[in-house]
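Structures are listed in the sections that come next.
Both complexes below contain chain A, partnered by chain B and then by chain C.
Showing the complex of A and B:
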């Protein structure tokens, strides 16, 4: 009898522990690689580490104070907020529409899904080069269309406002496919019987969308929002080759600003401070989206 | 019993594996130690693959069996940062090639060492070969007269123009930047881009500074003085290009590729083009007939102040490098006229003067003889420890001029000079 109890206890412990044991290598790798970088970044941001100075004195929060007073940082923060805000709105709408359409397609469904993912599979630098072709040079499609419509023939990348629009469009094109995939996953989990029941109750398409589709995919919407926001805040590989942060500093988002500080100016400590700011913003936004998703689930 | 037998077999197998591994390691260790006793390994980080001699040190190894040169390519853009990181981990190379403006941070961090003794030894052994290197070869690798290495390659920007178009229009080759604008106006009238220029932030503002120096621009302690006659003139020059439509309307998005391709593709009449790009220009246009180049023009009234700026990529000896003798041999090998000539013929021009006289080099670069006298008088781009941050402010000034052609150039110059002064603590 005692053996049976001991066996079942061991089984219980094994059952409970197995997921943690299996997760451990992944957690250890993430903690080792990412955790080390974050902790090192936090420490660096409290020191004055500049390549032209031999000493590396502890300066407390001085780097953060300097950063928040810097017009360059203020400009980058503002540009980032506009860039991320626009990407989230446009990207979420686009990916939702794409996901709904892909969910309805019956013919060659896998092919269309694969095609929709292509932008995400292209490297950021290659995407930037493609977008550059679209907007610069005499043969640029955007310039040709603008000229045909009687508009300006000046490259959009040479205009500060339009350049910001171009990088936003390129960013949406690049990262929205993954959000589409997330939302499509959510749509496929909805029980078709719910729609059938709603139809019996006389619900129209819009009512089904508002009262069944959206509430059912709230967790996925939250995940898509998280993806769009943090991928945009960290976006760097499209912007640098596309505009280099210009014209002027009109497209110098926080990630590009951080790169300039850390890898061109070799001002590691201030660059680390920008990294921490981006990290805090990302964590805060993720918490907001998760909380909103949780609330929505509770309401239901 | 069965359990013990299994355990015994497993233990024996493990022991065998361990023994094999340990003995293998020991053999490897002994072999490495023996190799290390006989051979000194010198690691050289080149900034571009093109800088590595074509024979990949094969001749050197035959001549010096006791020295093994290991090469790696660390892009110039990241060479300073990577060297500093490697130095902290005691993994720095013996010799590293960086842009000349990367020397100051490396000296500040004590990552490179004084090679005065090495240079004296070189002079005592073979004065002719060291005298064959132009003065900038030594200057661009020195700070306050202390040499930290040697610059074997230096690349200036030349004023480049469409000779055929100027002749057709009955125009003389510009001697001043006002003449450049006049040529640009005449070319614009014929539907061409008068002057091709970089306006984006894609690169360090070295073309901008080269023009500034040609206009008589001055530096104080490595800081460019743009709030000066030359600086104001330069900013006004950029403003005029935009205001009169003498350059591309997309200038703010133009990088070096766009600037060059406008000239090479037959759209633009004039540009500042690096010596290393001339072979590419010559593939599309015929030198001496369709295109030509000269030292950059000067500012009217400041002809005597104009200088031709050059970039340089010195090879620096790191603090933890191997003993002087081996390092010196590697430097001397890289500086041989045949090696510098071979690299110069396919890439950046060298600082070894005899190369300019070689028939082989002149056959590949027929314009070389024309520029040889100027090569002896190049002025290195002055360097400041905060150079990269100064560059960002200069890019701001350049783009402010291009975006606001009606604004007072003096105001732009003063604003950005104040920003530079605040940065460097003046």
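Showing the complex of A and C:
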């Protein structure tokens, strides 16, 4: 009798412990690297860390005050907002249209679907280099086309406004395909009978689109928005190889500004403060999107 | 499922849909095709002949493949991608099984460790991590890259696998348990083989992450022995003097071909795996 109780107790403990044991390696490595980085980043941003000085005095919010007053930061924040805003608008429209037409066609659909995701597989550096090739120099294809159309013959990457347009286009090219995939997944879950019923009621294409298609994919739309805004807000891989933040500081988004601050100017504590600003904006964005989506769909 | 609806659409709508689709598809492949085309040209013929080079040459590829350091960069990329993916899959299978099969007290809190990393930008982690890596004397080592690549790949892989594991019927496992299979055997002999499409998806996405990774290798390595393909490409793109675009394009194409090949091989699994993961 006693042994049975003991056995079942041991079984119970084993049962209880099992999920934690299974989860331990994953949580340990994620918390150990990513969790550590976040906590350490927060701490760093409150201290004055100089490479050549042993002392690291606590300075409270001084790094943040310096940051918000610095023209470089204000410039980067503005550039980031333009870059993210333009990417979201163009990227969402493009991926929605792309997903809709992919969902429409019957012939060779899987081929076009496969091609659609290709930019997502290319590395950011490779994408940046390919886009650089399209736009660098007097002989670049883009410069030639613009010259043939009677436009400027100046290289696009040497012009601040055009350089910002180029990184935005490259970014849309790079990240919109994944949004297309998310939206296509949503479109495929819509029951065709809903359209059939609407047709019986005499609904036109536009009405079906507005009253059936869009409402059915609201969660996927907000997921796609989330992807586009996070991916572009944190974009680094495309911009550093494509323009290096230039010409001047015209394409220096926050992530690039942060990298330059820390690894070129060796100003780690202010760099860490930029990191925290980026994180806070990310958290705020996700809160907004999750609320907009109506409910959190994380765990079903 | 929705295919039927497209058949009885008016011709005009279908023509417009096809036109738009071809246009967007062209946009997606054009930069790659342009780069591919240039990789078969010489600096002199770079801007002539349009997409089809007049006198295609393989010389650029020969120069890439025989250049100093290339075998080294290739091996670094391959080694890091394979090792970090193997560890990622192992760790993620266990975690995903835990999340998929057990209800336990801290489940929701722990699930956040899988979800929150998605909004942690890689580039922003390098400042605080650099400090730690330096003090542990791990700069310029494979160890730091493998650990960081694994840490950033585990959340996505776990998330994908949870969905697949939940779809495995519990009865199969119960039958195996009656036959005396331990939990370890049930995971690796029952659940994982059935979830092979999920494993392929998670595996290729982890490979992609590591193969394409840039900020960590940029920040945590300085020696040329440690360079990966993307890092070398980054350095090549801005060499002093006249840029040898045909060579750079050949290098670009060489770095993206392996992952594109894998993707096209398993495209159906990956797209379905990602879609079901995203829709959930």
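To be clear about the criterion, the second predicted complex is superposed on the first by the 262 of 300 C-alpha atoms of A that agree within 3 Å, B and C clash if a C-alpha of one lies under 4 Å from a C-alpha of the other, contacts with A are read in each partner's own complex, and residues count from 1 in each chain.
By our rule, contacts are C-beta pairs under 8 Å (C-beta built on N, C-alpha and C of every residue); 3 or more make two chains touch, one makes a residue touch a chain.
This one's a predicted model, so the numbers in the text were calculated from it and none came from an experiment.
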| item | value |
| --- | --- |
| Chain C versus chain B on the shared chain A, clash or fit after superposition | clash |
| Chain B versus chain C as contact partner of A:58, first or second or both or neither | neither |
| Contacts of A:206 with chain B and chain C, given as first, second, both or neither | neither |
| Partner chain(s) touched by A:266 [first = chain B, second = chain C, both, neither] | first |
| Which superposed partner A:247 touches (first chain B, second chain C, both, neither) | first |
| First (chain B), second (chain C), both or neither touched by A:136 | both |
| When both partners are placed on the shared chain, which of chain B and chain C touches more of chain A | C |
| Touching partner for A:155 - first (chain B), second (chain C), both, neither | first |
| Chain C region in steric overlap with chain B, selected from 235-243, 253-261 or 271-279 | 235-243 |
| Residues on chain A lying within both footprints (that of chain B and that of chain C) | 136-137, 244, 263 |
| Interfacial residue positions of chain B with respect to chain A in the complex | 78, 80-81, 84, 104-105, 108-110, 199-202, 249-253, 255, 258, 385-386, 388-389, 391-392, 395-396, 399-400, 402-403 |
| Chain B partner contacts - residues on chain A that touch it in the complex | 51-54, 135-137, 153-155, 157-160, 163, 243-249, 260, 263-267 |
| Chain A contact footprint on chain C (complex, rising order) | 1-7, 9, 13-14, 17-18, 20-21, 24-25, 27-29, 31-32, 34-35, 38, 46-47, 90-92, 94-95, 97-99, 101-102, 104, 106-108, 110-111, 113-115, 117-132, 147-148, 150-152, 154-155, 158, 183, 208, 211-215, 219, 230-231, 233-234, 237-238, 243, 245, 248-249, 252, 255-256, 259-260, 263-264, 267-268, 270-271, 274-276, 278-280 |
| In the complex, chain A residues that touch chain C | 16, 18-20, 22-23, 25-27, 29-38, 40-41, 44, 94, 97-98, 100-106, 109-110, 112-119, 121-134, 136-137, 139, 141, 144, 173, 177, 181-182, 184-190, 192, 195-196, 205, 220, 223, 230, 233-234, 236-237, 240-241, 244, 255, 258-259, 262-263, 268, 271-272, 274-275, 278-279, 282-283, 285-286, 297-300 |
